[in-house]
Amino acid sequence: MFNEFGKIIKLTTYGESHGPAIGGIIDGFPAGLSVDLDAIQKELDRRKPGQSKIVTQRKEDDKVEFLSGIFEGKTTGQSIGFVIKNTNQKSKDYEHNTQIFRPSHADFTYFQKYGIRDHRGGGRTSARETANWVVAGALSKQLLPLISINAFVSSVGDIHIEKDIDKLDLTQTENNIVRCPDEEIAEKMIKKISETKKEGDTIGGIITCIVKNVPIGLGEPVFDKLSSRLAQAMMSINAAKGFEIGSGFGGTRLKGSEHNDIFTEEGKTLTNRSGGIQGGISNGMDIVFKVAFKPVATIMKEQQTIDEKGNLTVINGKGRHDPCVVPRAVPVVEALAALVLADFWLLNKTRRI
Amino acid sequence: MFNEFGKIIKLTTYGESHGPAIGGIIDGFPAGLSVDLDAIQKELDRRKPGQSKIVTQRKEDDKVEFLSGIFEGKTTGQSIGFVIKNTNQKSKDYEHNTQIFRPSHADFTYFQKYGIRDHRGGGRTSARETANWVVAGALSKQLLPLISINAFVSSVGDIHIEKDIDKLDLTQTENNIVRCPDEEIAEKMIKKISETKKEGDTIGGIITCIVKNVPIGLGEPVFDKLSSRLAQAMMSINAAKGFEIGSGFGGTRLKGSEHNDIFTEEGKTLTNRSGGIQGGISNGMDIVFKVAFKPVATIMKEQQTIDEKGNLTVINGKGRHDPCVVPRAVPVVEALAALVLADFWLLNKTRRI
Amino acid sequence: MFNEFGKIIKLTTYGESHGPAIGGIIDGFPAGLSVDLDAIQKELDRRKPGQSKIVTQRKEDDKVEFLSGIFEGKTTGQSIGFVIKNTNQKSKDYEHNTQIFRPSHADFTYFQKYGIRDHRGGGRTSARETANWVVAGALSKQLLPLISINAFVSSVGDIHIEKDIDKLDLTQTENNIVRCPDEEIAEKMIKKISETKKEGDTIGGIITCIVKNVPIGLGEPVFDKLSSRLAQAMMSINAAKGFEIGSGFGGTRLKGSEHNDIFTEEGKTLTNRSGGIQGGISNGMDIVFKVAFKPVATIMKEQQTIDEKGNLTVINGKGRHDPCVVPRAVPVVEALAALVLADFWLLNKTRRI
Amino acid sequence: MFNEFGKIIKLTTYGESHGPAIGGIIDGFPAGLSVDLDAIQKELDRRKPGQSKIVTQRKEDDKVEFLSGIFEGKTTGQSIGFVIKNTNQKSKDYEHNTQIFRPSHADFTYFQKYGIRDHRGGGRTSARETANWVVAGALSKQLLPLISINAFVSSVGDIHIEKDIDKLDLTQTENNIVRCPDEEIAEKMIKKISETKKEGDTIGGIITCIVKNVPIGLGEPVFDKLSSRLAQAMMSINAAKGFEIGSGFGGTRLKGSEHNDIFTEEGKTLTNRSGGIQGGISNGMDIVFKVAFKPVATIMKEQQTIDEKGNLTVINGKGRHDPCVVPRAVPVVEALAALVLADFWLLNKTRRI
C-alpha cells in the first residue's frame, strides 16, 4: 500500500520535488530480459519539463541511473533500484507558500493528515513523482514487445477530436507538441493552451489510450479486474478526476441490443463497446480507455486562501508550472498501462495448471 | 488479490450463482463493535431480487448467517465468516447456454482464461456476488456512525436528474422503486425501464454517491489515494464502465481559475469541484462521485454469437434478468464506499505518532 | 495479514471451536485440477480428534463441504469456499473459565488485546482452526503430485528417534497411533503419553518433516525465502516454539569445512546439511525441517492463576484435551508445507521470461 | 513479497555487493518522528566490516544517505528512500568464480532459478544486504523508545554462555568484539574464532535476543503471530538455520505442569517459558528468542565442486570473509526485531474501536 503498486511486479517509489533525488524499486521483475536503457530514457524525455513552449519551462535532465538488478545488460530477477537526481530545484519559488494552503492543492489535506508537510514545491505530491512511474512503465513495455500502447490527447478544454478512433493515425501523436494525432485539432489545442498560459490560467483535458495486441485472459476477477486496476492506476495520476473504459458514461444511454458486442467466427467482436475487457478480463480486442484531467491548480492569478492558522490571506502563483497537464501526462498514462498489463501477464501464468 | 479487497479490513469472497451458497470472510475488522444484524439484513433486502416490478423477478431470500467473529453481539477482532445460501437456482434456465458465449458477457473471457467455466447463470461472474459486498459494507457502515453514505440513481438512459445536487432531498431516494430522489424524474425512469423491459431489452444508467461528514485525512498517497481506491472498487461492480470524482469529465473543460475550490476561514471550500478529495486525501467536504453502468448484456432478443468451438450460432435470452442494473446497484455502491472508507479510517490511525 | 496465508494461493480462514462452523476460502488456486475429495477428507481424518487413546476423546466428524470453485470435479480458478460444521461443542465444559485466564494459554493476551474474548474452548485460538489448514494443504498436495511430504513424530518428551533419517522407513509412520516411523521408539512414545495422561499432565514433542522430489528453484529471496516462509507457517501452529532447517541449532557447532555440502557431478550434494535450501531457494535435495511443540497448557491439575479483574484464583482443567499435541499435528505440518510449496511453485512460473 | 518486509511499515530493498550501491525504501512510516540520524549511523557501524580482528577485513564506510521522507529533521509520513554506496568492491577477487558454484552458497540455486546470476561477490545474496535492514531497524527503534532490544552472541561453536539469562549484564555486550555479555566466555569465543580463522576455516554460532518493555497485545493471529513473523524475519538472515522462542526445542522435554507460566496478581508470570508470547501475542514479559547460524560457507581451503556445465572442479576460497558471522549479525537481529515490533505496534492501533 501507500507508495507501492503492482502484484508480481511491484513498483515502490520515493522522493520529493525539492529533495536530492526521486527514485524507486521495481521488485518481482522476471530474469532474463535484455534491457534497452535508451528506450527507457526516451520515455523519460517525453515526460520531462521544458520540452516545448506549452509546458513548464523548468529544466530537469531526468536522467535515470539503475543501481541493481541488471547485470551485463540483462535483468537478474532481483529488485531493480533506480534513482533520478533532482538538479533544478528552485526552492525559493516556494518560500512564500510556507504556511499558506494553495487552493485545490494537496497542501491542506497533507498538513491535516500528517501534521507536517514539505512545502517546497509539491513535496511528495509533485507530478515529478510520475517520472518514477515512467521508468517502471518503460521497462514493463519491454516485457511485452507485441503489445502497443498508444495514449494521446483527445481534448483540451472544449476542443476535442471528433473523428472516430479508427480513423486516427496514431503514429502522428508525437509529431506535435500537444500529442494529438489529429493535426488540425492539435493546432487548435496548442493555440488554446498558449492563450490560457498568457492569461496566467490553466486548462483541463482528456487523454485517450488504445492498447493493441493484448493477449486474451489478462485481469483477475473479482476485485482485480483489468478495468479496476487500470482505474486505480489512472486515478493515481495527479489531477485525474475521471476514468472510462469502452463506451463509458456515453454507453449508459444505450440499450443492450445497441451496446452488445456481437462475436464473429474469429472470436473477435464486430464492435468494441466493451473496450477490450469483458468480465474484467481482456478479450483480445483493443483496450480503449479515457482519463479526465482537471486544470492545474496553480495559476498566475491572485486567489483568496487561508494559512495554517486558518487566517484568510491571498496567494499569487509563482514557480514554473504547466498551463495544461495532458501533453506531458501522455507517457505517464502509457507507463501505468504497461505496468498493469505486464503485471497481469505474469500473474496469468499462474491461473491454470 | 483476486477475490480480496481492502488493506486492514479485508473482504474475501466466494460463490457462484448456482452453487450451494455464496459467502465471505471479513478479516481485520476491529474488536468491540456492537453489531446491528437487522441493519445488515436490511441492506441485503435493498439489493435482493424480486423487490419490485422493474427488477429481476428471481426470488432469493438472501439471508446472511454469521459463523464467527461476533460473540455476545460484539465483534471480537477475529475473522468474521458469513454465508448466504442459494435457494432459488434454476439451472435449467441456463442449459441452453452450456457451450455458447453470450455477447458482452464474461463467458468467452472466462473460458479462454481458465479453460473451464461454470456455465450455470453467471457462475462466479453473477452479480449475485455483490450480496457478499453488501454484507461487508453494511458492517463497515456501523464502524463509521457519523458518516452518511447516500447513493442514488441519477440517470437511466437519457433521462437524468437536472437539479443541482444541493437541491436534492436524499431522504427521498428509497421512496420509489428506481431509487432516484427526484420524484418526477423517478417516474420517468420507471416508465423507461418498464418499456424497455417490455421490448425484451435493457438500458444503462448512472449512480451518484454523496458521502457526508467524512473525517479529513482519509486516503493513502501515492497509489492508494482515496479516489484511486474508490475507482478500483466501483469499477469492480458488474457492468461498471466509468467513474468520476467531483467535476470529473466535465471539469476538463474548465480553466483553473474557474475550477479551483477557494478556502473559507473554517477550512471549508466555497465550491466542491474536488469532490471532497485533494491530493488523494479527504478534505472534509462531501465526497461526490459517479459510476456509469452499461445496459445489462442479457436481452430477450435473438442475437448472433459463437460457441466454444467457434461456430456461428444464435442465442435467445432466457432466465430472469434485470432490465436495468442501477436500482439494485445503489446499495452495492454504498457498500463498497463504506468498505473503502472504513478501511482508510483504520489505516489513518497509523499515519502519525 | 491476520487470518490469511500465501502469496498466489491465499488461504483465509475463520471460526471458533464453539461457534456453528469453521471454514475458509482458498483463493488463487489455478484452474483445471481434477480434485480428489476423498483424499482431502482422508487428511482431515488423520487430524481429527478421537482417533486413538492418546489423543483427545472429543468426537468431531470434521466433514468438509466445498461451496464454490469446483465444477464438475475440477477447479475453475475461482475462489474455493469450504466449511466444516462444528457438531460436538460442549460449551458447558468451559463455563467455569469465563473470567479466568488459563496459564500459558492465549486467554490473557486476547483479552488484553481485543478487550473481549470468546471464552468457549479456545475460541479462535483453538487448534480446531488447523482443520482448515489441512483442507487447503490437502488440496495443494494435489497440485504437486510428484512431491512427497512426510512428517512424523521424532520425539516425545525425552524419547526420540536415534536412527539417521536415511535409515527410517517413512511408509511406517501411519502404522502406529503416535505417527513415529521407528516402531520401537513409537511404543515408548505411546507409553509415555499414556502415563502422562494418567497423571493429568501433558508432554511436548518434535515433528520432523522430509519433503522429497522438490523442484529446484522454489523460494523468493530476500524476505520470502523458502526457509523463512516455512518458519512463519510452522510457528503459526498452536504450541510451536521452535523451527530448524537442515543442520539447525546443531550445525552451529560445526566448522565450514565440516558443514559445507559438496556437489556431485549430477548437481546433487554428498551431504544435506543445508536441508534442501540454499540462499532461500530449494536446491533439489530433500527439504528437512523440524518443529518443536511445547506441552499442551491445559492440564488436569490444580494451578494458581488470575481472573479478568486480576484476583488470584485457582483453576482445574476440564474439557477433553490432547495429552500430547504431536500425533495430531503431523498432518498439520504436512498441510502447511504443501501450501508453502504449491504457492512458491506457482510464483516460480513468473520469475523468468 | 520478494524484497519487501512488513505490513504497515514496509521495507523494500535492492542492491548487489559489487554494484554501485545498495539501498531501500521505508514506506508507511508514521509522520512526526524526530529522527536521530547519528543513532542510525551508529547501528550501521556496529554491523560494518573491518571493525575488529575477528571479522572480515573488507573496508566499507557504510554511510547511509536519506533521500526523502524526512523534512527539517522529522518524518513526514511519506516514503523514506535511502542509499548506501558501495565503495570497496574488489570484483577481481571473484573473477575465478565466474562459472563455478561455491559449495553451500546460493550460486547454484540462483543460477538454476533465474538462469543468470551476478557472480561478483554474493551479488544479491551477499550479507551486505543486511546493512539495509539495519537502517530500517534503527529507525524503527526510534518509534519505540521504551522498548529495549538486546541481542548478543550466546554461543560460538561449542562454547556457550552457561549462566541464566537473568544473571547476564546486557550492558556489557558491546564491551568485547564478539558481542557476548559474559566476559569470560567472550574471551574463549574470540580465541576460538581467531584459531578457526588461522585454519582458513569458519565456525557457526547462536544469537540470543531479549526484548524488554514490550507492550501487551502485539502480534496478529492466526498467521501473523508475533512468533511467526519474528521467525520469518530471522530465517531471512544469511546463514540462519534455526529459530526458537522461549523454551524452544528444550521445552519439548517438559510436562505441562513444569512448563506453564503461572500468573501473578500483577498480570506477570512467575516463569517465562513462553518467551513473552502467548497465542502469538506479546504478554508483556520479556520476549526471548534464539537464532542459529551455520558456519560461513566460504572457507580458505580447497573444496571439490562443479561449474555451470556440471563439470567437477576445485575451488579455493578468496576474498575477505567473516570467519564467524555472529558478531556482526547481532545488530541485524536487533534491527529485524525492531522492524517487526514497530510494525505490529502500528497495526495494533487498528484492532479495537
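Just a few scattered comments:
So that you can tell them apart, the chains are marked A, B, C and D in the order they are listed, and the count of residues begins at 1 in each.
Rule of thumb we're sticking to: a contact is a pair of C-beta atoms (placed from the backbone, for glycine too) under 8 Å apart; a residue touches a chain by one contact, two chains touch by 3 or more.
Please read these numbers as outputs of a predicted model, since none were measured by experiment.
The interface with the greater count of contacting C-beta pairs, when A-B is set against B-D, is A-B. Each chain gets a centre from the mean of its Cα atoms; the one farthest from the centre of chain A is C. The centroid of the Cα atoms in chain B and the matching centroid in chain D are 46 Å apart. Rounded to whole angstrom units, the spacing between the C-alpha centres of chain A and chain D is 39.
Note on chain placement: the centre of chain A and the centre of chain B lie 26 Å apart, centres being C-alpha means.
Shared interface positions of chain A, i.e. residues touching 2 or more other chains, are given as 1-4, 13, 28, 31-32, 77-78, 113-115, 124, 347, 351-352.
On the side of chain B, the complex with chain A involves touching residues 1-5, 7, 13, 101, 103-106, 108-110, 112-115, 124-125, 129, 155, 157-158, 196, 199, 201-206, 216-217, 219-225, 227-236, 240-249, 251-267, 269, 273-275, 278-284, 290, 292-299, 301, 303-306, 310-312, 347-348, 351-352. Interface residues of chain A facing chain D in the complex, by the touch rule stated above, are 1-4, 10, 12-16, 19-25, 27-28, 31-32, 65, 67-69, 71, 74, 76-81, 83, 113-118, 123-124.
Partner chain A is touched in their complex by these residues of chain C: 8, 28, 30-33, 77, 143, 221, 346-347, 349-353.
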